[in-house]
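The next part holds the structures, each set out as structure tokens.
The following pair of complexes shares a single chain, chain A, combined with chain B in the former and chain C in the latter.
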Partner chain A sequence: MAEPIVLTVSDLTVTYRGRGRVVTAVQDVSLSIAAGRCLGLVGESGSGKSTIGAAVQGIIAADGSAHATGRISIAGRDLTPITDPAWAQVRGRDVTSVFQDPMRSLDPTMTIGRMLNRYTGSAEASVAALERVQIRRAGEVLKKYPHQLSGGMRQRVMIALALAPQPRLLVADEPTTALDVSVQAEVLSVLRESIEGAGCAVLFVTHDLGVARHMCDDIAVMKDGLVVETGAADDVIARPEDAYTQRLMASRITLTTDRMRPVGAPEPAVVASMRDVLADQGRPGDDVADAWGAGDLEWERFMGRTAAVGAATGLSDVRLVEHVTRPSLAVNEVDKTYWSRVKGRKVGNHVLKNVSFEIGYREAVALVGESGSGKSTLLRIAAGIENPDSGSVDSQGVAGEGTQVIFQDAGASLTPWRTVEELLRERIEHTTTGAGMSRAQMRALALSTLELVGLDESVLAARPTQLSGGQQQRVAIARAVVVPPSVLLCDEPTSALDVSVACSVLNLINLLRHSLGISVMFVTHDLAAARLIADRVLVMTGGEIVETVGAERLAQDITTDYGRRLVDAVLA
Partner chain B sequence: MLVFVAKRLGSLVVVLFFLTLLVFTLGKVADSDPVRTYVGVNASAEAVEAAREELGLDNPIPVQFGSFVAGAVQGDFGISLSSKRPIADELSTRLPATLELAGWALALTVVIGVSLASLYSRPGRFGAFMRFVFFSAASAPSFLIAMLSVLVFYKWLDGALPAAGRSSYGPYEDATGFYVLDGILHGSPTYTWDAIQHLLLPAFAAAVGSGVALARVLADGISSSLGSPWARTARALGEREGTVLRRHALRNASSPALSLLAVQAGFMVSSLVVVEQVFSWNGLGSYLSGAIGVGDFPAIAAVCLILGAVYVILNTLVDVALAAVDPRVRLS
Partner chain C sequence: MLYSPKRTLKRLERPTPDRPDGAWSALGVGEKLSLVAVAVTVLVALVGPALMPYSAIIPSGEQLLPPLSPGHVLGTDVLGMDMATRLVAGMQRSLFAAVVVTLISAAIGTLIGVVAGFKGGWLDSALMRFTDLFLAFPAMIIAMAIAAAIGQSLGSAMVGIIVVWWPLYARLVRGEVRRAAALPHVQAARVAGVGGWKLLWRHVVPAVTPTVVVTASLDIGAVVMTLAALSFIGLGTPAPAPELGRMASDGMKYFLNAWWVAVLPSLAIGLLAFVFNYAGDALRVMLRRTGV
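Right, the complex of A and B next:
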């Protein structure tokens, strides 16, 4: 027997008007979900997926900037998308939602109990609600404030809140995007069990095809406000028909992705950079796009001669890297403790316990672990931003100047009032390479570096806020390599980006690494991305490196329980 | 919470000690001889010596500081150099006058702030007009507001509100010195109402600037609270706008407003010095400006110390209030 349809969206079109421009966020979208089914709405930033999530709750901006046509029907009640007064009866009863940011989606001034009791009716019912989302010691949690809970706990509380009114439809808008991978797996399984118990329909908005496949019965793929493909989840993933869906699928990085070649579909900007690299090395190659498309474009091909190494070693060919014995980065017995006061007592948090490792010339090493494992502290110490309590860091490699960092939030790491040219010049001026350079020379160097990361001259005069997230991350990379460092330190550089943009950033890092002869330290919680960049993967937990694994056969070779858990958390 | 309050009180004592040290040091390094101020320019050398001994200025500096602190703790600030009377006596009527005015001004600040905050965030022309009016008001110095309000309410409106002094009747015997309170304690509505009327103009003049500042911060806080993810959560759970505002936004918006209020309370004390002059208000402000004129350092020190203490106490109260409002302050 077919379950009744809970949500029907017919011919929904949403436009936003602002500064004289009209932007169509969603165009002629129709979809429906039956009780007990989960529909995944998959797309990248700006595809309109979150607008639909907001529309089916009647919370599209009511300030007059949005305009919508079409019908939405929830649990048999017909509604217009924006202004219908009947939304007041529907929202919070028939439809509730779980949002992305568990840090800020709960009122910081209220205890969990005070929030939850309002929707469950009593403290006993709240305890039961928390136990349903697998929170132990629920009675204690009720007395806590949101900032006293971990991200995973907060998101469980969100789920309990959303399911408390027993809705017919639950909207989950990127519910695990802000969480660590292993926490993500836990929260997804809690969410899955909870909605199975509740029997409601679910609209699951996500950019992550892996998550969508794990959670959803059906998938609708969105691009530029349009639904380009719908179908059963397994069909869409296994046999994507639309070209865009195929491209999304190709951009997915898993533990079996080919590490020796660029990932994803050939991208014009990266292809252009590759041609530049080859031309600079005196081996012009017009066939890179074809070779990439055909799958036989190996990174090996971009290995160039590096003058600095030649001078330092007397060898002219970089293939003789084995002769370079000095590591690019040596971390020796680094120890770090953060002290804080809790109720008047000094409490130490021992974040790094006697950590040692080396990164060889041209080698890429990934540090993987969850929040609190100490990996980011280690990166900051390697960058010289922080000092270790004891131990030492040596980043005087044979080639390149010092260390440079690429951060997760490129937008925040670029000074907002400086132009891109000024940002790059700032780095050039502080190096020995740049000493004595004229403005024009620095400009030329900046420009050629920008071209290398797939940007053009027009970006030079722009300020960071005028650029997209992907462009900002490229500018950050350009700043880091405009004078090649001996080690490029990357702190989760792709985890805030859309999959296709993340792909091109990973391709760029690989290209730069091979052509410029830079060593890379890549800090991430994403094992698949780590494996793609690195030659060796160091697994960190509790401030210690517990395992070192070769990247190629990472999934098979990893032995520690903790490492295995990280591998299992990668949603295929 | 109790621990938090106790900690704040502990630091209050420390701050007050250093304030005392600062005021005392300023008196010592100031380029004027207190003894000369006391005995007059033409006094004989013996008279000067006698006065020096009488004022305790022949003792070593640490001893002088010790007795200064011991006196200040008991409310004894020594003798005024110009009037030769104990400063504590002179302040006994003026302190309540200023505290009463400051209290009303602060209350008016909150009233202005909260009521303007709702006008402030109105969209459209009306909101824009109100923003213009209050920007103008806030950019005017308080003495200008004081004189303007005298002009309007006393001159043009023919004495609708009194423009000078604290009362038309004078103080009661054995009273608290807070006239409105005295009126109530003595069961006299006429006296109370008269005192309130006298308070309105000076309190308003002192409150406008900080009221507008408060309104801005409160309005900004409320609008950013209403746009925050947890407000969206509340809406998605079916709460109406009014409930989102009352239950979630106001409380979250009030912590920056409270911090601002503490700073504004400090400015208020200094603007009272001017406002008291305009309204012939016999408070600490007019006493201070008189004392500065003749270089009466013990008097200046006493007023600075009292105003400083009031300021520090107010800030401590605000800190405690902040902790009550925001669990992150209290529990981190």
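Right, the complex of A and C next:
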């Protein structure tokens, strides 16, 4: 049964002209989608996938900043890649879209009903449209404004709106990336069922191979503006042929990934860090890349304190302390309520309810929970950024100094006008280790730490804005461990990163954890990442720790509702 | 196995080199033009009066000569003084006064705003209520009262404007400091152990500076206008000193038979205000480019 081709893109090239610079976003891309098929456009940031999404929606502005060649044909109509008046007949009719952030793409001044009725014509038809995206009590939802709905509901409404005009082509650009992990799976299955019912062609733009496999019939993998591999979804996932696709696949972590070894393919920067660690311990490390590639490089091998940092902190004998009874972090009955005024009345939001837990010396603990569960507040209290209403936090462990944080957005956590050297020096200056150090000593310590995270001496003089996202994340890590803390607090350090970069950050945290012997508290909603770092996983809901699970058999042992939903959200 | 020195093992990553294009090349043609216009205007105001062949306060020709008269390119006023000379001299005065007023207002307001925004608590409330007190009165009326109380001179007009102008900066800076202090990098610096005034100076204030600088450059135009308005109603520089607002107001009487006496000073005021407003936007682009 050959369905008619709905979308054809031929030889599409798009270049953007910034101030004095020309960037080629997409180069000679050709693809087509038949009615009822879903093509996944997979790639990391900067691969050009969103530009293709924009071109086939006719929303690349004709303001002279973009230049494009090639042809786009939608349902037999020839169109230009850069928008022109002909697109007005197509946009919102033959082509509709589901965007990443439903809050920003739904009109906040209109009720859902008013938006939907424009396409369906009647309230009854609108109710039916909402029911198709599995919204219960659709009649009530019609009377609501977007801000009165949850994120998952808003995205369902968005899907209903996109399918209401009965489009020939639906473009979904990262439709679940902005949603809480536990509702992503639900929204994806709603989307999947809706498009099967609608029979339109779908261009599904995503960075996540797992999501793509779940959603798409075919996959096109993009890198640097080029399509490097296309094929049926199952083939591409199971037997990737291109080296980049293979690397992308290797970077995927699941609930069965081996926790004892580095994940992904051997990466030059992480390998360099590993050799650095071994060299500092006076051991050879020439074989680590090969051992990693062969799959028999264990984290065990890096256990011990590096000589440079050990000497600097005077704690080189710490690894001899085998029976440490003092925990690195002790949180005792911490309680926190946020107060706000609603219509003149004080309303309390009890975010942490008598929370207690400990992190042992060298132990790594992950804290998982949905947004609003109190996990971020707990991290901020542990870091000393906020004070608890009652209870106490003790981070005077047997080794290391205080707590340090790796923030979710590493770029934003580095002061843009300070150089990397200044940023690292600030941390050194404010520790007892660094109190008596000269500038030169601090510089040497900063330099050896940068090398430890795979960065060059020239980074010292750079400002954060000159660094790539991955480099910024490593500088943030370097600042956190330049004087090893008692506990390293990680606040979703990988959720904003591309899979391959996330992978190297996870490897780096694991490497530092083992070689420096620091304890880790890892806050996340990605169970797969949590399992990789942590020995123990704490599940939080409603301000309480409801479950503690060992990491190794996480998927089998987890019992709470929310925990189960998180397990389901990790698409294998 | 051999122990290899780690330098040879390293394949480290380097930062992307400094963008070869600096702040200047980030500007569009219009923005570059605006900065050139400011430079030319300032230059004219600075050295113009010294180059003029006439005095700004001594009659040098027939009365009310129209523009393009021989020897008087822009004509003369009702007393026979050269218009071009008086305009350039007036621009010098206005510009000097406006820059001084803006700098002092911005300095007072920034100081109070930074302290209020960073310290918070009762000090914040006290400082802001104090600021509100000044904001509550109509600016022109206060300026008039002050100028009237300490006598008619350029200085008293300037004091009057400063008194009503600084609260705007205090408000603006307080808000900006509070915003900047909540930025992730400030929290990160706090976690790294930086605190107190060091935190404020190194991690917060640089985020506020561009806003203050851009606002100040935009304000120069507005202060020129306000000064002219005060002079226009007779509260600025006494005659015959060349002051643009005063010249415009005096010229109104002869508007029907000698339009240039009122219109040219008004145009000069407009030019100053426009040039600085326009350049404010260019400045914003340049400061953003430098990484804030």
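General remarks:
Throughout what follows, the second predicted complex is superposed on the first by the 506 of 572 C-alpha atoms of A that agree within 3 Å, B and C clash if a C-alpha of one lies under 4 Å from a C-alpha of the other, contacts with A are read in each partner's own complex, and residues count from 1 in each chain.
By definition in this document, a residue touches a chain if its C-beta (ideal position, glycine included) is under 8 Å from a C-beta of that chain, and two chains touch if they have at least 3 such contacts.
The model shown is predicted, which means the values in this text are computed figures rather than measured ones.
In the superposed model, A:Asp107 lies in contact with chain B only, and not with chain C.
For chain A, the partner that touches more of its residues is C, with chain B and chain C as the two candidates.
In the superposed pair of complexes, A:Phe357 makes contact with neither chain B nor chain C. Judged by the touch definition given at the top, the superposed model places A:Pro284 against chain C, while chain B stays out of reach.
Once the two complexes are overlaid on the shared chain, A:Asp409 sits against chain C while remaining clear of chain B. When the two structures are aligned on the shared chain, A:Arg418 is found in touch with chain C, with no touch to chain B. Once the two complexes are laid over each other on the shared chain, residue contacts for A:Ala269 go to chain C alone; chain B is not touched.
For chain A in complex with chain B, the residues that touch the partner chain are 57, 59, 88, 91-93, 96-97, 99, 101, 104-111, 119, 145, 147-148, 158, 161-162, 165, 171, 343. The touching residues of chain A, counted against chain C in their complex, run 19-20, 268-269, 272, 275-276, 279, 282, 284-287, 383-385, 403-405, 407, 409, 412-418, 423, 426-427, 429-431, 451, 454-459, 462-463, 465-468, 471, 476, 479. Of all the residues in chain B, the ones that touch chain A in their complex are 3, 228-230, 232-240, 248, 251-252, 325-328, 331-332. Contact residues of chain C toward chain A in the complex are 1-6, 9-18, 21, 25-26, 28, 183-194, 202-203, 206, 290-292.
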